[in-house]
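Shared chain: subunit A. Partners: subunit B in the first complex, subunit C in the second.
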Partner chain A sequence: MINPEMNKLVETLLEGDHAAALAEARRLRTAGMASERIVTEGLEAAMQRLDDKCTVESFNLLEIMLAGRAVSAVVNELYPEGMPPERGRDTFVIATLEGDIHDLGKNVTKMVLIGKGYRVVDLGKDCPVENLVNAVEREHAHAVLVSGLITPVIPQVRRVRPALAARGLGGVRVVAGGAALKQATAGELNVDYVAETAFDGARYLDSLARGAV
Partner chain B sequence: MNSLERVKAAIAFAPADHTPAVPQLFGHAAALAGVALEDYIRNGELLARCQIEAYRHYGHDMVFAFMDFSVETEALGSVLQYRANQYPDVVSYVLTPDSDVSALAVPDPTSAGRMPELLRAASILRREIGKEMPVAGCVLGPMTLATQLLGIETALYLAADDPGRFEKILDFAAEVAVRYGIAQIEAGAHLPIVFDPAASPAVVPPQFFRELLLPRLKRVFAAYRAAGALANWLNIAGPTAPILPWYPEAGVDIANFDYYVDPAEAQKLLPATCLDGNMKSLSFVEARPEEITAAAARLVTAFAGRGGFLLSSGCEIPLEAKPENIAALVAAARGGD
Partner chain C sequence: MPVLVVRVNGATHSIPYEPGPSLRDILDVTEYRVRSACHGIGACGLCRVCVIAGEAGEATQNERLHLLPALLSQGVRLACQIRPKQDLHVEILNPAPPSNWKSPPDATLLQGAHKRGAGDRWLPSGVRHPGGLAVDLGTTNLCLSLFDLARGKWLADRWGRNPQHRYGADVVTRLAAASGSPDAAQEMSRLVIAAIGEALLDIATREGFDLRRVACVTLVGNSAMLALLSGRNAELLLRPENWTRPVDCLPRDTSGWVAEWGIDSAAEVDVLAPLAGFVGSDLLAGLVATRFIEGASPALFIDFGTNSEIALWSGKELWVTAAAGGPAFESSGIGCGMPAEAGAVFRVEAQADGGLNYLIIGDDRARGVCGSGLVDLIARLIEVGRLTPVGRFVNGATGFAFSTGGTDLTLSKNDVDLMQRAKAAIGVGIRVLCSRAGVSVKELRRVCVAGAFGRYLDIASAQSIGLLPMVPPEKVELAGNTALAGCCDVMLSSLAAGRLDHLRSIARLLNLAQQPGFEELFMENLYLQPLRED
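Moving on to the complex of A and B:
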C-alpha cells in the first residue's frame, strides 16, 4: 500500500520522468519529509511496483533504465555524498569481470538495488577477481554480483567463490547474471544463484537480507 | 541435394533430403583454423579461407561473411579497441546526444573501414563454393547500429528524451544497412543477415519495435529483395515471442529464434516463415556431444511435419566451442549418420 503522500513521486518514477521525480522529491523535502521516508516509502515502493510489472516476459532494459535514472536522480539529491552505510540495509559489491567490458546489465542491476535501499559498491567493468575480493573485505559486503555478456568470462566467474574462501570470506554469497551467464546453472558457474533478470537477483538478495536463504 | 538446394527447400517449405545444419559459426572458424581473431576480422581473404576450412571440417550448410558488430560504426568514425581473441569494442562513439546525424554520410562499402574486406570475403566465398553453398553476409539492423553509433545507454536515453532526433538516427542507420547489404549481394552474398539484437524485447518494449523499428526493417528488406537477395533473414536473439508475429510484415523469410522461445510457440507465431534456432549457444562450450545430439534431434523432430527449418543455435556459437559439439549438431541434422 503506497502512502498517498508518495503517489506523485511513485508515479513519476514509474514513468521514468526523472525531472518530475526530482522536483517532487524536492517538494517533499521542503515540506519537511525525512530523506529516509522518501527512500523507504517512495523509492522502494516504486521499485516494488516495477518488480511486480517486470516478469521475465515483460522485462526490458529501456523502461528499467528510465525508472532507474529517475531513482538515481532522487537518491543523489537526498544523499549527495552517497547513501550512508548505516542507512543502507546491506552492502553489495558489483562488477563485470576481467575480459568483459559490457556493463549495461551491471548498471541496470545497480540502479534496481539502489532503488531498493541497498548500498552498492560498483567496481566497473573488466574487473580482476582480486579487486573484487579486496572490495568485499574492505566494504564488509554481504554479497557479490557479477555480470557477463560473453562466454569467455565464465572461467573468471568460477574463480570468485574460491578466491573469497581463500580470504576467509566463504560466507559471502555470489550472484551471477547477464546473457551469457544465465544460460548456465549455479552449479556450473560455481555461484550461489543465477539471476534471470535484475529484479530476480534483487529478490534473491532480499531473501538473504531477511535471512530466508 | 547440395547445401544451396537444401536451404532453398527449407525456405520454401519444400521436401529436402534432410534438415539443413546452419550453426552460426563466425569467429569460431578462426579458432578452428588456429588463426588470431583480430587477423580474421580484418582480412577478408583470411576470413573466407577459414570459413571454407570450417565447412570442409564440419560439412554444414552455410558459410558466413561476418566480422563483428563494429564494422559499420568504425566505417563511420567510431574508434575501436582490438584485443587478443575478442571481438573489438567501441572506445569512442562517433555520435553524442547533441550530434547532428545529418553531418554523417552513408559510407561507401568499397572503401570505408573494413567494409571492403567483408565484401572481399563474400566474393571469394561465392566464387569458390557459392554454386553449391549459400553465402550469408551480415549487416546491423537500424536499432543496433544506432546503439553502436551512440553507445547503448546513451541511445536508449535519447530514444526516450528526444524521439525525433533518435528517429533521424534510425533512418540514417537504415540507409547504411541498405547500402552495405546491397553491396554484399553485389559482391556475391546470397543474402545479408540482418542482426538486430538491440531490437530484442529484452531491450526495448514490443510497441517500440512495432512503431519505430518495423517500418525501417521493412524498407531494408524491400531493398534487399529488389537487389536479388535469396531471402530476407532477421536475427534477433532473446525472448522474441512478442515481436515474431510482425516479421512477415517486415518482409522476413527466415526468422531466428533463441532458446527462450519454445519451438511449438515459434511455429504457431510464424506458420509460414522459415525458422532457425534455437540451441543454447553456451551448450556448445559446456555440454557433452551426446547432449547436443539429443537436443538437436528433439528440434529436428519438432519440425519434421512442417519443414521450414534450419537447425541452428539461437545466437552465435562461441569461439571456444568444442568442435565435437558442432559436429554432433551437423550429424543430428543429417539424421544421425
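Moving on to the complex of A and C:
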C-alpha cells in the first residue's frame, strides 16, 4: 500500500521524469519528511511497482533506465555524501568482472538496489577479483554481485568465493547475473545465487537482509 | 503494377510484379518456383504452366519444340518463354521440389554485381569456361553469386538461411557454444559448408551448370562467421581485448570443402580475412563495392544486420566500428517478425481515414513483418499518437493488433523494445564515429545503407525514429547486399582486391562500449525520435 503522500513521487519515478521526481523529493523534505521515509516509502514503493510491471514485461529497457536514473537523482539529492552505512540496511559491492566491459545489466541492478534503500558500492566494469575483495573488506559489505554478459568471464566468477574466503570473508554471499551467467547453475559458478533478473537478485538480497536464507 | 495470379497445389496466390523478366524469373523469387533445369533458356521444357486467363503472347519456337499442338491449344506454356506485361492467371503444372535456396528478390540486392567488368584474374588451365563463386556468410542469411570468370558474366544467385541458427540467433551465443564444445564448433563449421554445397547443387540442377567448372570460391563474412566456418579461434572473439585487433579466422585446409562441394579439385578457396575481432571482411567488401572512400565526403556507411558494422569517411580518415544491436533488423526474435521474403509486410502507409495500409512482399497473404515493415509500423504508430517516443503504447495498451492479408498480427511492446535497442546501438555508433572524426551529423554528404534490410526501407520512416541521420533523402543510397557485391568485385578484379587491402591498412577501429559517456548516449538513442545532430 502506497502512502498517499508519496503518490506523486512514485508516479514521477515510474514515469522516469527525473526533474519532476527531484522537485517532489525536495518538496517532501521541505515539508518536514525524513529522508529515510522518502526512501523506504517512496523509492521502495516505486521499485516494487517497477518489479511488478517488469514481471509482466510491460516495461522496456528505456523505461527501466529512466526510472533508475530518477531514483539515483533522488538518492543523490537526499544523501549527497552517499548513503550512510549506519542506516541499518545492508551494503553490497557490485562489479562487472575483468574481461567483460558490458555493464548495462549491472547498472540496472545497482539502480534497483539503491531504489530499495540499500547502499551499493559500484566498482565499474573490467574489475579484477582482487579489487572486489578489497572493497568487500573496506566497506564491510554483506554480499557481492557480479555480472557477466559473455562466457569467458566465468572463470573469474568462480574465483570470487575462494578469494573472499582467503581473507576470512567466507560469510559474504555471492550473487551472479547477466546473459552468460544466468545459463549456469550456482554450483557451476561457485556462487550462492544466480539471479534471473535484477529484480530477482534484489528479492534474494531482501530475503538475506531479513535473515531468511 | 500488374498482378500475377498463381494457382499451385490447389491454392491461389496473387503476386504484384514489375514487367520485364520471364514468368520463371518472377516466380523464382517467390515461394512458388516452377521446375527447371536449363537456366531458363527454353532447352529443358520442364517449366510448364497453364495460362488460365490473360495475355501470354505467341508461343516461341522452343515452346513449339517441347509442347504438342494439343497442349499449346489448352494454354500449356513454358514459364521461361513468357514475359508477361499485364495481369495474368496461370497454374503451375510442374512445381519445383522444396528447397532452402531462392533467388534474391531482384538485382538491387546485388547492387550492380551483375555488371562487373571482365576479370583480370589468373585462370586455371584445363577448366573450360571456369566459374567463380562469391559467398557472403551472414549471421542470419547466406548469399551466393556465381560468375563466368573468363567473361566476368553473372550466372546465378542464391540465398538461404544460415543453418547455424539452431545454435543461437546472435554471434555471441554461437561463439560461446563453439568455445564451450568442440563438437558444437565442428558441427557449426560442417553446417555452413554443407549449406554452400546445397546452394551449389540447387544452381547445378536448376541452371544446368556443371559444378566442376567452379575454379574459385571467395568468401566474406563477419569475423564470427569466418571463425565458425574455419573452426578456429572462436574463443578469442569473445574476449573484448581482441575486438579491435586482427584475429586469425582463416581455414588451414580447404581441400575437404572442395571435395564436398564437387567443384574443380584444383579450385582455390579464398576466405577474406576480417579487419579485426568485431569487424569482418563483409564490411571491407561493402566499402569496396560502394567505392566508399572515392565518393563524396564526409560519408557514412551502415551495414544493417544482427551485428551492424558502421564506417565513417571524413575525407581524410576512415573510422570503423561495430554495433551489436541484436537481430531486430532481420526481424528475428520479434513476435510478429519474419525475414524479408514472400509473405512479409515490408511497408506500412498511413491512409486518409487514419487507418493503415500494409504492403506484402510477393504474395497476398501475410505471414509476418520484416525489418523495414517494423520500422514503418513503429513510425506510423508514433505519428498517429498510439505509441510514445519512449516506446510505450498509450492508454496502457500492451501492443498493437492488426489484421492484413488474412492474418492477425500483433506488435508487442517487447517487439518495439528490441527495435529500440537495435537502433540505439546504431545511433551510438553514428554519433561516436562522427565525433571522433570531427564531423557533424548534418554535414554528411553521403549515407550508404547496406544489407537486405535496406532494400525495402522507407528513408523518412527510418529518419523519424533515429535510425538514419536527417540528411536530404537523395544523399541516402540503399545499396543492398554490398558485402556480396564487393566479394564479387574482389573475386573478379585484382584492382578491387588491391582496394580492399588499402582499406584494411587505413581503417581505424573504435570499440563503442569503451567510449566515455556510452551509457548516457545509449539511453538517449533508445528514444524513438530523430537522431541528434550536434
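Convention: the second predicted complex is superposed on the first by the 207 of 213 C-alpha atoms of A that agree within 3 Å, B and C clash if a C-alpha of one lies under 4 Å from a C-alpha of the other, contacts with A are read in each partner's own complex, and residues count from 1 in each chain.
Following the convention adopted for this analysis, a residue touches a chain if its C-beta (ideal position, glycine included) is under 8 Å from a C-beta of that chain, and two chains touch if they have at least 3 such contacts.
Note that the structure is predicted; figures quoted are calculated from it, not measured.
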{"item": "Superposition on subunit A - do subunit B and subunit C clash or fit", "value": "clash"}
{"item": "Subunit B versus subunit C as contact partner of A:E188, first or second or both or neither", "value": "first"}
{"item": "Contacts of A:G16 with subunit B and subunit C, given as first, second, both or neither", "value": "both"}
{"item": "Which superposed partner A:A31 touches (first subunit B, second subunit C, both, neither)", "value": "neither"}
{"item": "Touched partner set for A:N107, first subunit B, second subunit C, both or neither", "value": "both"}
{"item": "Selected from 99-107, 117-125, 207-215 or 351-359: the stretch of subunit C that, after superposition, runs into subunit B", "value": "99-107"}
{"item": "Subunit B and subunit C footprints on subunit A, overlapping residues", "value": "16, 57-58, 60-63, 65-66, 69, 99, 101, 104, 107, 150-152, 179-180"}
{"item": "In the complex, subunit B residues that touch subunit A", "value": "85-86, 89, 152-153, 156-157, 159-160, 201-205, 208, 237-239, 241-242, 259, 280-283, 285-286, 318-320"}
{"item": "Residue numbers on subunit A that touch subunit B, as the complex places them", "value": "16, 56-63, 65-66, 69, 99, 101, 104, 107, 150-152, 154, 179-180, 183-184, 188"}
{"item": "Footprint of subunit C on subunit A - complex, ascending", "value": "16, 57-58, 60-63, 65-66, 69, 99-104, 107, 126, 149-152, 179-180"}
{"item": "Of all residues in subunit C, those that touch subunit A in their complex", "value": "172, 176, 179-180, 235, 238-240, 390-392, 398, 413-414, 416-417, 420-421, 511, 513-514, 519, 522-523, 526-527"}
